[in-house]
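The structure follows.
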Amino acid sequence: MSDRPASDPVPAGRVLTGGVIPPLCTPLTEDRELDVASLERLCGHLLEAGVSGLFVNGSTGELAYHTDAFRLAALRVVRGVAGGSVPVLAGAVDMTTNRVIAQARAAREAGADAVVATVPFYTPTHPDEMADHFRAVHAAVDLPLWAYDIPVNVQRKLPAAVTARLAADGVLAGLKDSSGDLDELRTVLRLTEASGARAHGFTVLTGSETMADTALALGADGVVPGLGNVDPHGYVALYEAARRGALQDAAVQQDRLRRLFALTRVGDPARIGAYSSALGAFKEALRQRGLLTTAHTPAPLRPLTGPERAEVSRLLAQAGLGPV
Amino acid sequence: MSDRPASDPVPAGRVLTGGVIPPLCTPLTEDRELDVASLERLCGHLLEAGVSGLFVNGSTGELAYHTDAFRLAALRVVRGVAGGSVPVLAGAVDMTTNRVIAQARAAREAGADAVVATVPFYTPTHPDEMADHFRAVHAAVDLPLWAYDIPVNVQRKLPAAVTARLAADGVLAGLKDSSGDLDELRTVLRLTEASGARAHGFTVLTGSETMADTALALGADGVVPGLGNVDPHGYVALYEAARRGALQDAAVQQDRLRRLFALTRVGDPARIGAYSSALGAFKEALRQRGLLTTAHTPAPLRPLTGPERAEVSRLLAQAGLGPV
Amino acid sequence: MSDRPASDPVPAGRVLTGGVIPPLCTPLTEDRELDVASLERLCGHLLEAGVSGLFVNGSTGELAYHTDAFRLAALRVVRGVAGGSVPVLAGAVDMTTNRVIAQARAAREAGADAVVATVPFYTPTHPDEMADHFRAVHAAVDLPLWAYDIPVNVQRKLPAAVTARLAADGVLAGLKDSSGDLDELRTVLRLTEASGARAHGFTVLTGSETMADTALALGADGVVPGLGNVDPHGYVALYEAARRGALQDAAVQQDRLRRLFALTRVGDPARIGAYSSALGAFKEALRQRGLLTTAHTPAPLRPLTGPERAEVSRLLAQAGLGPV
Amino acid sequence: MSDRPASDPVPAGRVLTGGVIPPLCTPLTEDRELDVASLERLCGHLLEAGVSGLFVNGSTGELAYHTDAFRLAALRVVRGVAGGSVPVLAGAVDMTTNRVIAQARAAREAGADAVVATVPFYTPTHPDEMADHFRAVHAAVDLPLWAYDIPVNVQRKLPAAVTARLAADGVLAGLKDSSGDLDELRTVLRLTEASGARAHGFTVLTGSETMADTALALGADGVVPGLGNVDPHGYVALYEAARRGALQDAAVQQDRLRRLFALTRVGDPARIGAYSSALGAFKEALRQRGLLTTAHTPAPLRPLTGPERAEVSRLLAQAGLGPV
């Protein structure tokens, strides 16, 4: 790793060790430009609710839909609002190693405290090549590197054994597990406990909106819920209950949030894509709560209909969520 | 489509109407930089063999592995060698609409005669959204637009009905079908014949190395074979036989090329990825034929072993292919 | 193979060497019992049209839905109508080896001339185990054994290399390829030509309704089309054109049959299952043509609606198919 | 449901309400016949360990590999050993409704206390047809009916909404969830609590060997672990800890059993099938513990090698499991 730039350590106050870290929705103006005011309002609302970090340019943030320039603009806005109060993680998601390195370097320039990268996609990749991929990104970019395990989007699971080896070698600072596979998550936790990587700071976050309490009970350190944009207070309450061992309280909160998660199914997937339905409903809920000016999503995603927006209203009311 | 730039039509001599259009391998130097001399040598060899166009930044060209700057550098080299003698198609492959538009605009600046784009990936997309995606790219970029149907990489099939509608509406100039689904290919051909789109120039190419003669017999106009880097004369002979109706001659040539296609299986996929095996073997074959200086592939792809390289030699000899 | 029963060779006139072999629909009475009269009428119609064999208890025959006793009753009826004039192939489809052997022995008792078996399903199976499976069935049952490659139903592809080895060893009499993978079909044909198995009688049939002409052009010996229940004359004409090398005539017939194949899509798969739609439409078409008394399908398949039945009428009329 | 036979209620002592219910391995003699003595020994060992029921002819019991007669013979042996002390659940697994009814009636005759059936397989099935399927089996067979959700084998998930509706309607007595999807399991639990079905006896079992403690913490009533053949005392201890709310004790036991579960990976799946590896290792472990006379598996499964058997020994020793 001799080609790694001289170290410029992230200040300890901006190192993520757990908690609730919402993957930010990315608000758009009427012209589908970045809506800076709404993004600042959303970040402020989340910080007020007690989140432990902000994750920009994740899948919920429509990373796949925005240009490099747009991604960096969003990161700079978030960096400005966070102001060092909490760490800012930035997605550095692209197809393979060289492109991820380019994304990660740009994110570092724009002020990210850590970068989050998936395994290669578009192209099939051997597990040993997955390991090489993360090693190369780590060597090239002087920021904490998180693995983003999201097979539904990249088609391949990052095997627990690969994660554990990279954790033991200090390549990965943590894992954001959006695989939905709690069994493998448990394996990662046990392997990294056994190797000492956990004791040295390797951090495990779940991306599950609906099984966050279970992941925390298994030992995860935090949660990165897309639905946390809509109800950050709910996830902070869930997290704090789990941390103090009040698993039943956490489960009650989780079950309430599971019902709210029906937001992602208000649109008919046979009419619009599943993503249009889910991302559009999060944004519509944020619009109705007064945090976003529009619920627009980028091309080629399709908008919700009137009845679908009414169903969003009903679900918000059922969850006790009104205008902020 | 009022936002489309004023037209700057592609000269007729650079409009692709069929033939053999190899998706170019992208040679690397010892330092994994673009090997300009080898790329020029490869292009010259293909042109001498009688190919009808050059396709740069396709999957065989390792599009997933190279940065934007690298992609454009490769395109400029190819543009220079082609010199207007044959059309140059450039991959404008990225996750969704806005990113594809950015790729396509850059490719236009760098001299592409046409751009080739897939359906969105990383994210699930409804068929109607796929149509919107191509319509938006077409409206934004003043170049012929080809659909690149490659579900093995992007996980979703471009439905024949969507292709046919876009062809009838003049959105697509053609289809590069790398789906392997000859039944759907036939449906595209019949629907675009019925609509008149074929008569107006909608062109259909197969990406199959191994069933090219069958695709041509069904009515396809040309073939985009990765293996055509290694044996362009073979594919040109196959194409010309098919065009003159000598299907048996085409089949004999195809069966010879099918045996040579064992190149893609010289590496053990349990040891290295399937892509490492296939891309590495094409490059090793080109190196042995004297066209490339190295057989290097980009990170994180792994190299072939000595015995695997010897198997490449054996397959080349069996196919009657020596140094150029 | 010492445990194989003493040989009782199938008379040469009942050995299948190609042609059109419809996989029979299985008519039901109002009470969902076997409708013997309709089955006899259907078989008679097919024989009159010039088919070369009858395949009973295939997927189109609803093999998955009928009990062992029902399957054997259907086989006996078909055997009676065929009367030795053409070979009768019987599906011996069950989960794994011992169960397939039981099915095959019962089919032999009931008069089958050959049995057709898939690779194991319900359970994952290694390719070497697939080979062992067919070897064990062959050793236990004194009838020609056909492999039925239908991954859409059994989830696993019978690899071309396994088929070819079993053909060379005399284990398989033939292959019914319902995989839709023409590339692999070509590999089977070339490998079994090279080994001499084809010269010794190994026979290859395609199960494709829509690419039968292409399969025959590649070298297949015959076709097993579910749609051949509805229009046997069309498939016989297609087959005969292909056999005499009139590929263009075969293609015209094929394209007509491709349009008729829209039968399988008259039902909305979001309302009823895809199988309900396809099997129900074949039976409804046969009912409208006067060959079946009811269009009933077995539990839990759901019936077509009135508008869907009207669409069946329209497609029959478009194809020029009236009452028999 | 007027066609349902007059009721013959299962005695209350033989109604399953939870606990540990191992899916029995099915021992074979040297000649691959049912090894009655070993099966009786195994059942006795499990009963002595405190299991709450016995599940015969499940996937671990090699249901896919045995004939109907063999399945019933195994059921009768188990019925005899159980002697009414615990309920005996029998798999009634076949492709679709009519065949499942035949299996279930035979199992009832042979003394089963309840039957367990999957959704249809071999053939695609709409969710509404899945519901009809279970309703028809329930109407035809006078025994408690359990749904067996095992998409890895039958390719389709039984949707939580379908399960819940059937539970509310009294069609299903319970669910054996072998889907590995804890999120959906939680949905089933919450929906059946809300409908009152849980209060009326609807019982939920997990088939997971590795996340049983989590499933119990979420509210499941019991566990059906294949590994429970090898270490029933471990699963009974886990279950009892979970029942008394000692989740940490349950987790420690679960983590020990997770390490033992490496049994299922002793064989190289590239050499033998995954099932050969898993089923063979369970049987080899039982042989080494003195419960089975042979570790034979039925055709076409392949045996473990010597080194693989040695790894079984090592894992047993590590888990503290010696001869019984």
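Per-chain residue numbering starts at 1, and chain names A, B, C and D are given in the order in which the chains are listed.
Here, a residue touches a chain if its C-beta (ideal position, glycine included) is under 8 Å from a C-beta of that chain, and two chains touch if they have at least 3 such contacts.
Just so we're clear, the structure is a prediction, and the values are computed from it rather than from any experiment.
In how few steps can one go from chain B to chain D if every step must land on a touching chain?
Contact-graph shortest path, chain B to chain D, evaluates to 2.
Compare the CA centroid of chain D with every other chain's and tell me the farthest one.
With centres defined by C-alpha atoms, farthest from chain D sits B.
Find the geometric centre of each of chain C and chain D from their Cα atoms only, then give the gap between the two centres in Å, rounded to an integer.
About 35 Å separates the centre of chain C from that of chain D.
In angstrom, rounded to a whole number, how far apart do the mean CA points of chain A and chain C lie?
Once rounded, the distance between the two centres reads 50 Å.
Can you tell me which residues of chain D touch two or more of the remaining chains?
Where chain D is concerned, no single residue meets two or more other chains.
Strictly by the criterion at the top, what is the full list of touching chain pairs?
Here the touching chain pairs work out to A-B, A-D, B-C, C-D.
For chain B, which residues are in contact with chain A within the complex?
Those in contact with chain A are residues 59, 63-68, 70, 93, 95-99, 102, 120-126, 128-130, 132-133, 136, 153-155, 269, 271-276, 298-302.
Looking at the complex, which residues from chain A come into contact with chain D?
180-183, 186-187, 190, 208, 210-211, 214, 217-218, 247, 255, 258
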